[in-house]
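Following are the structures in question.
Below, chain A partners chain B and then partners chain C, in two separate complexes.
The block that comes next holds the complex of A and B.
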């Protein structure tokens, strides 16, 4: 076994399909996990100024990765262009919020004459007793958001490209502006905002109430979603999605049931959005329709365009670029703010302009995104000193 | 290779810049501000942000907080909640501010669980009544009557001064007719929807007939369909819950289509820009105002005008808004609390709250704002709402209502926190 993946000869398919093909790569990943899971969250011990701030940025980063994963799956792997993903994130957030807010009430309705209510009450009481209400809320949020996404994926059976963009934009207005704002938000009588007290975010005895715990939850969810997506793409549905993306007529001719697979893609993407929504609720304890404005759908599409369409790495790189570079801009602009206060006032203009510029420049000069550049860098080292 | 060297230099510079803030002197007091200069509410947010900067400069020129200068970290968040959250985290953890001046209802409410945990005094430009119950939001503050009180007072003032006194309603009042009332606001926006429950409650109490709400976005440029829908109900009175740009669109469309209703407006929709944008349609518009309009003859206004001209000479005096005065009032409130906390030797989050804000009893901010009081059990700053009318080309006081005096029982027992 060699140090570098170059020059490794496989004898079995199993070896060829392994995620990490050499011990060196395995060690690298182990080291990465160590940094991400053990060293990074405890940064504040060494750097009390910087640690908590970086932690909150890391949480934003993880939220962006989760939300953009769904967009990546739809656009990058299945070729279904979407511009309404904020709606599915919202559905996930609201579903989990309602479960956490009203779950305990439902659990107390064990003596209701209606057998369905009694059954639900029994299930919720059991979940609460086992301390699994929050995990159940995550699962339910993923399911509901997935099914909701399928609903808006139905037009994909008939329309493609530009027309599909329009139907997915409709998801935003129907879901957030109409359904959530006008109806869901009216439950509970506090007008738009729903608050869930941090103690409700409990998995068994562990209450997720500090940034560090939210970070760990986020890391677990990102890992889970990435693994799920990577494995899906290596299996039958993933191959079908890619076939549909590359040429749907050819895929159909090969016997791929394109409607079913498109809808499956919408379901999985919606479910990922739902998980992102739950995570967002956990981070903030509060949600309102203002959290899920249409702009975010556009933002996540920007993330995958910059990171690389059709690449799991791309989602992560794109999220890092958008979150870290944009936040890093502050490190440049803020110290100059003393001398030029205008610069601080106009900071968001700079940021917006940079977002637009970054997308335009990437599309012109690096249409395959950062992921492609990363692949080239890796190849350079793998093949060194002979770059052919 | 040369290119790579260039990047390295940039990175080093970035690193140094990033570490620079920790080298600032210690006697500075750091205060954060999260403002909307470019977003959906920037029509009123720009002037507010300018006002914050000018007021802090004034405070520093007066010797700061008992000799300690204030260093202001002002960021624009474009009315986007995720941006507000990362900005707040930066202010708290990196810039290390000890108090924050905030903006909108959506983000202030979203931040409230975090600021409670951090014990960060947060003086917002959101006067949402949801933020006034110290049991739920102990670190949220503002200087004016809350939106719900303003809305209750505005509808009451119209009922007292117009419905009962105006000759056009004489026959209907004699017949025992009920006045008809609808609400125009962005239903998805927490700022706009915050006082709706309260104003409907008040309308019911006063015996109004209430029609369906009309959803009008904050960025509306056309509201004809909403006005037409409302016209079927034939309202006598419309509540506008948005900001100036959107409100002026709505009252202009209502005027063009002869809706024939009076308009009462929440404070962020009622300023000097309203008649400029709405023209004749703004005649007789009634609004809740937290303090004096820019340039009015009240205590401290000379300084507001002086600093506006000195620091932002590019913006003509005639174009400045009440928003600047509001920003000053928020800063003056925070300044007083910090001075008191500093005197008590507890210049930190909890100290500013307990020894500062919660020690204020009928404190006069000046600037035409009613006196402010906070207690550990009640964070409603004042029970007095000032209702103005735009008449004969100027803003005139229509009625000053003390809700506590008028409905003492409800004020004490019912109305806190919504």
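The block that comes next holds the complex of A and C.
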């Protein structure tokens, strides 16, 4: 165990699969955590203007990572192409929103003649008393989004490839454009958008109402999701998913129950999307169907393609690339807007065109994504001064 | 009963436009195995190019029909050139790559095209002025009327169907395309030029989408929502089976009728949106029972 990973030999599987292979890696991650958790959120003490802006970018980045994780799981590890993940994020966001808005009303209905309502009222009253309504909303959103995802994953039992892509596109349109736009968003009765007061986002006595608190919540959720995903991938379901991705017929011949594992992958991916939806709600306090357009489904697929398919690093690198490049683009275009006003009007279109171009060019020239390049750079230094 | 027949006839007519776009779609799939998710944007480009050309020609040529035919021919030529360019710049390097990458390249292209179109032409709805097809409905049976646009698109779809089917059946290029779709590697090793096949496919797809977009633009005017046609066409294609040319026509017409019927009979029970969603919902259910559509190739796989 030395500073550099060169010369580390594994004698057990346990060592091979360990998180921290050397003390160097452990120390590196410790310092990274220190920066992310303690230094970064308090940037505004040093730079009052820049700090909040950086924080909002970081929150956007976290949301992208959460949403793209599910897509990564489905496409990168299970080989089930999904082009409708925004639907599941939307289901998560709307579920948690409805729970937070109508939970207190339901809790007050303890004297209802209907025993089911009474039971639900009891549960909600208990949750409210314990101050756990928001955590319960997160869990419920994840469950509902996961089940909704399984519903559209059902055809994967019979079809794959293009036909499956069609059903996920259908999921997007049926869920967001029809179900949510036409029915769910009408429940509020006021307008298309739902607003949730910041004080509803409370875990016990802690109210998550400022950007910094949202940042911490996001950091915790991203950490949890990434840990869950990494651990799932190195246990039995993960191996089954990878087998299905590589060759599903061979996997079935080897005794993997492919239908069950595919549906499990859909469930987990949907649940991750649901958590992302809850986080989006907490960040913005407002949701409307426009937040979950088809564009975003494709955006997340673009994120994992640019980052690297089949790599957890890839999700994070891809999210960073996309979020930072778009912010950078804004930084370039907005000053130019003074000279060319029409540029500002059409910024959205430039963004769209560049996004498309980025995906296409990445796939042509860097098909393995940024994660592969990162691996190559790391390897170069590990092996230095030899190239092999 | 009159309502039913009216819905049926207009469904068939709208469906024929879908069939036209679906044809271009099936063609790309059939000859390169690529699921082209940029089809809606190709339609959009075709429609806008035709509109601009029409605007110029109508000033030079006083008669609107002549101008329109000239604009349509111009659209076909520009479409073919754009198809060749797209193949040269983006798809040539994807020969032999995994299919998912190629699909995602088309997704990237769809955004690129859409952003570019919006940047050039803006988002306001534009119409063909002076109008090309007269708004007076043509009576075909008793009290049932059709707009002349729909009648023309129906005729165009039928003509193109015959052209495409005979192209695949009786020409060497058609055969080369089918071979490439079936097994790209095997076709390459037998001396089929995949570059030529890709280029041809994209040119034809651009042209078919251009005709479809032009016809649709004549119905309601052109704006970005014409691009959603690409999505509406997907259920039609799946219904017929991804690699069947007649399937695309039948699927398109079925989807058109279904959409009109759902709009006529179901939309009173819901706040709206049935028209857009009914084909997709139908498709998901159908896939559970007929995984390869009506006439798609059933893939038999073994390890």
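Details
Just so we're on the same page, the second predicted complex is superposed on the first by the 369 of 388 C-alpha atoms of A that agree within 3 Å, B and C clash if a C-alpha of one lies under 4 Å from a C-alpha of the other, contacts with A are read in each partner's own complex, and residues count from 1 in each chain.
FYI, a residue touches a chain if its C-beta (ideal position, glycine included) is under 8 Å from a C-beta of that chain, and two chains touch if they have at least 3 such contacts.
Remember, it's a predicted structure, so these values are computed and weren't measured experimentally.
Within the superposed three-chain model, A:60 lies in touch with chain B and out of touch with chain C [touch as defined at top].
Of the two partner chains placed around the shared chain by superposition, chain B is the only one that A:198 touches, whereas chain C remains out of contact. After overlaying the two complexes on the shared chain, residue contacts for A:227 are found with neither chain B nor chain C. Looking at the shared chain after the overlay, A:181 reaches both chain B and chain C.
Looking at the shared chain after the overlay, A:363 reaches chain C, while chain B stays out of its contact range. Within the superposed three-chain model, A:344 lies in touch with chain B and out of touch with chain C [touch as defined at top]. Within the superposed three-chain model, A:285 lies in touch with chain B and out of touch with chain C [touch as defined at top]. Once the two complexes are laid over each other on the shared chain, residue contacts for A:260 go to neither chain B nor chain C. Common to the chain B and chain C interfaces on chain A are residues 177, 181-182, 346, 348-349, 352. Residues of chain B touching chain A in their complex: 14, 17-18, 20-22, 37-39, 49, 53, 73-78, 80-83, 85-86, 89-90, 92-96, 106, 109-110, 112-114, 130, 187-190, 193-194, 196-197, 215, 418. On the chain C side of its complex with chain A, the touching residues are 29, 35, 37, 90, 93-94, 97, 99-101, 103-105, 107-116, 118-119, 122, 231, 234-235, 238, 242, 270-274, 276-277, 280-281, 283-284, 287-288, 291-292, 301-303. Within the complex formed with chain C, the chain A residues making contact are 75, 81, 83, 152, 154-155, 158-159, 161-163, 165-167, 169-170, 173-174, 177-178, 181-183, 186, 247, 249-250, 253, 298, 301-302, 305, 309, 346, 348-361, 363-364, 367.
Here chain A touches chain B in the complex through residues 49-53, 56-57, 60, 63, 176-177, 181-182, 185, 189-193, 195, 197-198, 283-291, 293, 295-296, 327-328, 330-332, 334-335, 337, 341, 344-349, 352, going by the rule given at the top.
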